[in-house]
Amino acid sequence: MSKHGPRLVVPIDLKKKPWEQTLPLHNRWHPDIPSVAEVTVGELFRVEMVDFSGGGITNSYTAEDIKHADFSIVHYLSGPIRVVDTDGIPAKPGDLLAVEICNLGPLPGDEWGYTATFDRENGGGFLTDHFPCATKAIWYFEGIYTYSPQIPGVRFPGLTHPGIIGTAPSMELLNVWNERERELEKNGLQSLKLCDVLHTRPLANLPTAEGCHLGLVKADTSEWANIASEAARTIPGRENGGNCDIKNLSKGSKIYLPVFVEGANFSTGDMHFSQGDGEVSFCGAIEMSGFLELKCDIIRNGMREYLTPMGPTPLHVNPIFEIGPVEPRFSEWLVFEGISVDESGKQHYLDATVAYKRAVLNAIDYLSRFGYSKEQIYLLLSCCPCEGRISGIVDSPNACATLAIPTAIFDQDIRPKSSKVPVGPRVVKKPDVLKCTYDGNLPVTKNPGGAT
Amino acid sequence: MSKHGPRLVVPIDLKKKPWEQTLPLHNRWHPDIPSVAEVTVGELFRVEMVDFSGGGITNSYTAEDIKHADFSIVHYLSGPIRVVDTDGIPAKPGDLLAVEICNLGPLPGDEWGYTATFDRENGGGFLTDHFPCATKAIWYFEGIYTYSPQIPGVRFPGLTHPGIIGTAPSMELLNVWNERERELEKNGLQSLKLCDVLHTRPLANLPTAEGCHLGLVKADTSEWANIASEAARTIPGRENGGNCDIKNLSKGSKIYLPVFVEGANFSTGDMHFSQGDGEVSFCGAIEMSGFLELKCDIIRNGMREYLTPMGPTPLHVNPIFEIGPVEPRFSEWLVFEGISVDESGKQHYLDATVAYKRAVLNAIDYLSRFGYSKEQIYLLLSCCPCEGRISGIVDSPNACATLAIPTAIFDQDIRPKSSKVPVGPRVVKKPDVLKCTYDGNLPVTKNPGGAT
Amino acid sequence: MSKHGPRLVVPIDLKKKPWEQTLPLHNRWHPDIPSVAEVTVGELFRVEMVDFSGGGITNSYTAEDIKHADFSIVHYLSGPIRVVDTDGIPAKPGDLLAVEICNLGPLPGDEWGYTATFDRENGGGFLTDHFPCATKAIWYFEGIYTYSPQIPGVRFPGLTHPGIIGTAPSMELLNVWNERERELEKNGLQSLKLCDVLHTRPLANLPTAEGCHLGLVKADTSEWANIASEAARTIPGRENGGNCDIKNLSKGSKIYLPVFVEGANFSTGDMHFSQGDGEVSFCGAIEMSGFLELKCDIIRNGMREYLTPMGPTPLHVNPIFEIGPVEPRFSEWLVFEGISVDESGKQHYLDATVAYKRAVLNAIDYLSRFGYSKEQIYLLLSCCPCEGRISGIVDSPNACATLAIPTAIFDQDIRPKSSKVPVGPRVVKKPDVLKCTYDGNLPVTKNPGGAT
Amino acid sequence: MSKHGPRLVVPIDLKKKPWEQTLPLHNRWHPDIPSVAEVTVGELFRVEMVDFSGGGITNSYTAEDIKHADFSIVHYLSGPIRVVDTDGIPAKPGDLLAVEICNLGPLPGDEWGYTATFDRENGGGFLTDHFPCATKAIWYFEGIYTYSPQIPGVRFPGLTHPGIIGTAPSMELLNVWNERERELEKNGLQSLKLCDVLHTRPLANLPTAEGCHLGLVKADTSEWANIASEAARTIPGRENGGNCDIKNLSKGSKIYLPVFVEGANFSTGDMHFSQGDGEVSFCGAIEMSGFLELKCDIIRNGMREYLTPMGPTPLHVNPIFEIGPVEPRFSEWLVFEGISVDESGKQHYLDATVAYKRAVLNAIDYLSRFGYSKEQIYLLLSCCPCEGRISGIVDSPNACATLAIPTAIFDQDIRPKSSKVPVGPRVVKKPDVLKCTYDGNLPVTKNPGGAT
């Protein structure tokens, strides 16, 4: 019998560190990181990947590893992978690279993941002012389903996807990124009026040699130092795709990525068993190692033909996506709404971020009435297949954002009832919330949530 | 044969003006607007409504009426409707009012609607800097489907819903609204850093007697003047529900509204045959007259039991929703992405509004390659059943927003192709774009969109 | 304001009898029944209809009217409607008539329906050996939803559709029908081996002047007598469409009907608020009066181009259908299976009818454990949106048929549980089951079901 | 790192024959086939399986292996697997065994399958009178998708499922099976009136020692001979589940199987990458090797509590199923109809088998207009995710069956068009149709389909 199925182009050995892999991983975007593999248009190939932390975060029932997580090393990516057509001619800048996700899943023997909130002083999250402490929940997979000992009474099918998939930037694009993010870090607090809260999250994460891994570039050489000093961090999504965290990019999806360097040199990583729209707790999907089975096509000149630059250079474009045909089917949704009035009662002008924050807070408060702590729900809404929508963005001054939660993920009926369902003393294992030692500068909020 | 079906509690005669109706309409929120009808928990009743403009905008093929639209009169609402239980005891402050939408649709003989962009100097819209001129498209309904002579090649089923449904605010809540919106209007440009663009849209719409209609309150009395001076405008959604513009609130949906005054006194209006998430062009849904068939329930103390105030007073709550089981079924979606870098290339910090704006602009640019003008697509994305998501809101500094468009609404295949499909000279009737006479202060953008 | 919306071409006045309507109804298929209206390709028009019994069955809470129902009058149809193209040229034999259902629903003021089982001696049903008595349940509509006092604890959205839509047969086709059905009635019991059960249902319903209505053909003329003597009954679906009872032909569906006579002359009736696959109790959908909003197209020569005759003449074709995009969305289904072994334990060879019968009986037995009588479930499975599938038709000797029931229609969890949920004494209003006075010749079955 | 994921309880080595596996396979149902593994309620375990033919049918592009397939060996099953509760107490007769399918798929390195029609003289299929020759199509898998060189222009996601899952019968049940099937084989042709066609398919497949494999029972012992002489063939589905071929039993499904022997001793096999309702060509799914990840529960006394016997003994029950939440999402379906009039024009009485046959034939004729041979479509409708429904089963004399085909599986628009889309000379690779050498006794049909 002849062998069929995908060719394995990036293998992962989970017993090894990210930099010890046969094809060493990288955690920065830079045009000079050499490709580790080459694939041809039309062939089915398999890419394996570590979890975003490269094993730094474990399945222990403690949040200590989250509290002290090393941010300089995120995210370990597999690749870059060079793409050529059937004549051996590589993808060229200006082309579009179409990547079809034919299959994906966890690595055999490693069927678990985690969802966490970073400590306020070490990364934080969307609601860090309410939930300042590091927390972590472990999720175990049973085929398509997952459950967590830390969040009992919940089980749902995953809409598994890679958090990160992107092409290598050109030097010109890299410079655009570094410039605009440097400007934000320098002037952001003032110009963005973020100074009115005690802002502890980094505004941007600029290039740093600390924790930098560059794949086949030998560490601590001058070439390495040069690249490390300017290579972009992988935290935000950008023109090359990258950390988009689009939760629906699952089996059967197609991603049209702009090509900025010869060969396209795309990388991928940060696999999520499941994620809610927004990934609100930051380390908020169910993070895991995993594999992708992919198929590529090159649309020659497609970037010029299909993408219109939106900014001062021709590089200001974004990828396009097609969603696959296989998603968990939910028929009942409970929807929470938020408007752009913040927790202090202040009115913001059509601010969808504030509105979404309030929608999430409303959902947390509501669901915590069913036997859960607010930290549990915060983690749950980060990783379950909930949908975050911008419902109204024009009705001055209130943006209206909504968060829709499929009711079927709970083992109890969570809808409002005429006579309140008695919840009773429910034995739940609360997530391990580390004691915090802040100096007391927490903003005073009515519903602190994370207060311990 | 005995009669069955809903009891008509608010009839509309389309030949009459909003203020001439048997049960006169109102266009402000205030506790002292008397209820015009009473319904009992469990009974099925029918509420009819005019379009939001009360007939001010017509089905003529010109945008003149949009250009000169009178904003002081929006939105004409049917109600207030008082709700009592089967013992005749009214809903009380602190209760939740559950409103089920059993059915809805256009009024017989009035099966058409319109989607429009206001002129930059008269309301504008989400992309008013790119599309400064008034435009209008007329949509005709064929049962569940709609099509527009102004946007050929498109036909889709409606996900019909009321843009506005809300309870009467208490005086205390009204004061909260007026205070925070006044503060925004006063200090918003500075504090929100909106001054760096030529901002022409009103920050808020404060109470005004101009164009005010208060239902059964006799006009031009002192009572009327008092109420008019403090009654809230209906433009934004707020704690009482109101103009949420949640496009999925269609047949079979349930809305849990907080009750602030005795009887709940809910009103509804602004019917939309269909709307895209965000309703981006502002007058952006397919606006129409219509009817609702409703059924109410009172959850005693439900507001206290299910809603957690999020702000300085116990009134800072939001409604909860359940989505109905009958929605148009689409299986293929093309998804556009935006990140929080604006058109000038400037980096914003996790700003979902900027990210969504860019996602919409990307979609407009892309789809205009298929034989459409950008104005046509702007209108289309306002009103077709497209989904606007907050995909990532934590990956500093980029929020990632997505706009998913069902491909089946087009009569051509709009997906990227390896060899570009020749579009050819397509005869399309462009929407009537009025010539603008601005003084040249338009912000310089690379892709002005609205240039004609 | 100009008027929009569909042109009413067949009005119904519910206070009048079917033969008193302005455009009198008919209840037979014959080429010589004159058309009552003409429509043009592309125009939206409205057809109203009585319920199949023309008001003979009422909303009284008794099955007396069912027990004595007059079968000679079914089904009252609206039409025939002649179709011409925009040049006024009628549809021609050999064309395909494409009919799009843009909208449909109950007639205002008549929002109720009924589901019934005929008495064994007067029509019977699929399970008449188990349920020999006449029963009836009344359903009330609340917009998209329906509920019945006779079957408490159940509420579901309708997938409303016309049970009958068909074109007029040519004389040649009518002769084919009459000949083959006459042959069945003559030799069927022997040749089909149906003699081994006490077969009480009519094998076929041959032409009869009794109860015959022929629209514009004046009754009791010689022309009328001639037509009545050969006009086909409307009970079975045939080559012209007719009583297909395809439950998914709801809003947005398209029906491609072969054209056998000039003008196509299509008729429609037998509106169902909802029906389960198979319509097992015979009078088994939720029968109602109603309206259709339709749009026609003529595909010239389409019958020849798209349909292949399957039989001794070129007329042995069947319509084609496209299902619309708006159906109630259910995510959980409980599935019952049947194999082609009958209740006596006898093995049948790949007989899907026997297998489906057993699947339905299994479902009835199972669901009756949740507080219902078997008669209630029999009626419910006839009319709720359950799906009947032929799962395996090749694994000799057992055909495998399945019946899938959406669990969300019940107000209790009907899935099997590890520890049986105590059902307890549930107060249910059993349907009115008339006492039967059979002579005792009922086949002996282990689970008679209908025994009272 | 600790290991997670399912425990492998039945491994398969594809290089070995079915009877050489570590845990040898079996291909008969009998209470005395010893279990090969034991699992505990609640644990996740993995079962691997060969394709139904145990490798007898290969991925060569010829139908020779199909033409000469050995029917005595079907189907090779993995198991039996004994199930105990957490106290080690086995499932008992009268219990229900709940089996959840958490995951499934092809075996790594063996990502291909086949769909075939058996020769009329060697098994045949549903339409064997029309398609008498052996044919075969090979399908390759690309993750969730599959395509076939023999049926170009088609690609679809699989709804993968095990064709067979069942518990071991008790001796009493086995006797019931053998008796009723022996009776059919003896008297079936006469009693079922199948003699009017040249019937070549076996009516039943009675026990035979030929090709028999009994797992751990040592071959050619007297024990083996005894069991082989009475063990039931696996071809039909029966009371124990078995070859149900329910195409929706995919990821997340739950199967409630009656328990007839201690330990339940369930077996599974006959994995299908995809199947159409009915599996019409008999070897009609996409047959493959594969794996299941399962989780069991025991519902004590569940058989007595939930299943009602329907026949002369308490054993006449059928399993119950719940469908999983992850199915390919299709929004457009083209539906073909059949009525119970056969190809000779003869009227049958409410015969769903005849009606479904005609629906399938109608679909084949229609789709073959788009560049395909009828054999290609026959194979395609056997294996693509098409839905076969019993739409009407009461409208004497015509049963109405429908076959719904998702249009998205084709790379061309297959809907009827006003002006026929020119198909043009399409280069298709026809499936390998072996030349037949029948003696000319083929029934004369208008559309022979299989004529070469």
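Each chain carries a letter (A, B, C and D) given by its place in the written order, and its residues are counted from 1.
In this text, a residue touches a chain if its C-beta (ideal position, glycine included) is under 8 Å from a C-beta of that chain, and two chains touch if they have at least 3 such contacts.
Remember, predicted model here, so these are calculated numbers, not experimental data.
*Asks:* Give the chains in contact with both chain B and chain C, ordered by label.
*Replies:* A chain counts here if it touches both chain B and chain C, which gives A, D.
*Asks:* Name the chain whose C-alpha centroid is farthest from the C-alpha centroid of chain A.
*Replies:* C
*Asks:* Which whole number of Å gives the spacing of the CA centres of chain C and chain D?
*Replies:* It comes to 31 Å between the two C-alpha centres.
*Asks:* Which integer distance in Å separates the CA centroid of chain A from that of chain D?
*Replies:* Averaging C-alpha atoms per chain gives centres 41 Å apart.
*Asks:* How many angstrom lie between the CA centroids of chain A and chain C, rounded to a whole number?
*Replies:* Chain A and chain C have C-alpha centres separated by 52 Å.
*Asks:* Check each residue of chain D and list the ones that touch at least two other chains.
*Replies:* Where chain D meets two or more other chains at a single residue, that happens at 325, 329-332, 408.
*Asks:* Quick one: in the complex, what on chain D touches chain B?
*Replies:* 329-332, 408
*Asks:* Quick one: which bits of chain D touch chain C in the complex? Just the residue numbers, please.
*Replies:* 96, 98, 125-126, 176, 180-181, 183-184, 188, 191-194, 201-205, 235-239, 243-248, 256, 277-282, 284, 297-300, 302, 305-313, 316-323, 325, 331-339, 341-353, 356, 358-359, 361-362, 365-366, 369, 387-402, 404, 415-418, 420, 446-447
*Asks:* Which residues of chain B touch chain C in the complex?
*Replies:* Residue positions touching the partner: 1-6, 14-15, 44, 55, 58-59, 101-104, 106, 108-112, 140-145, 157, 251-252, 293, 295, 324-330, 408.
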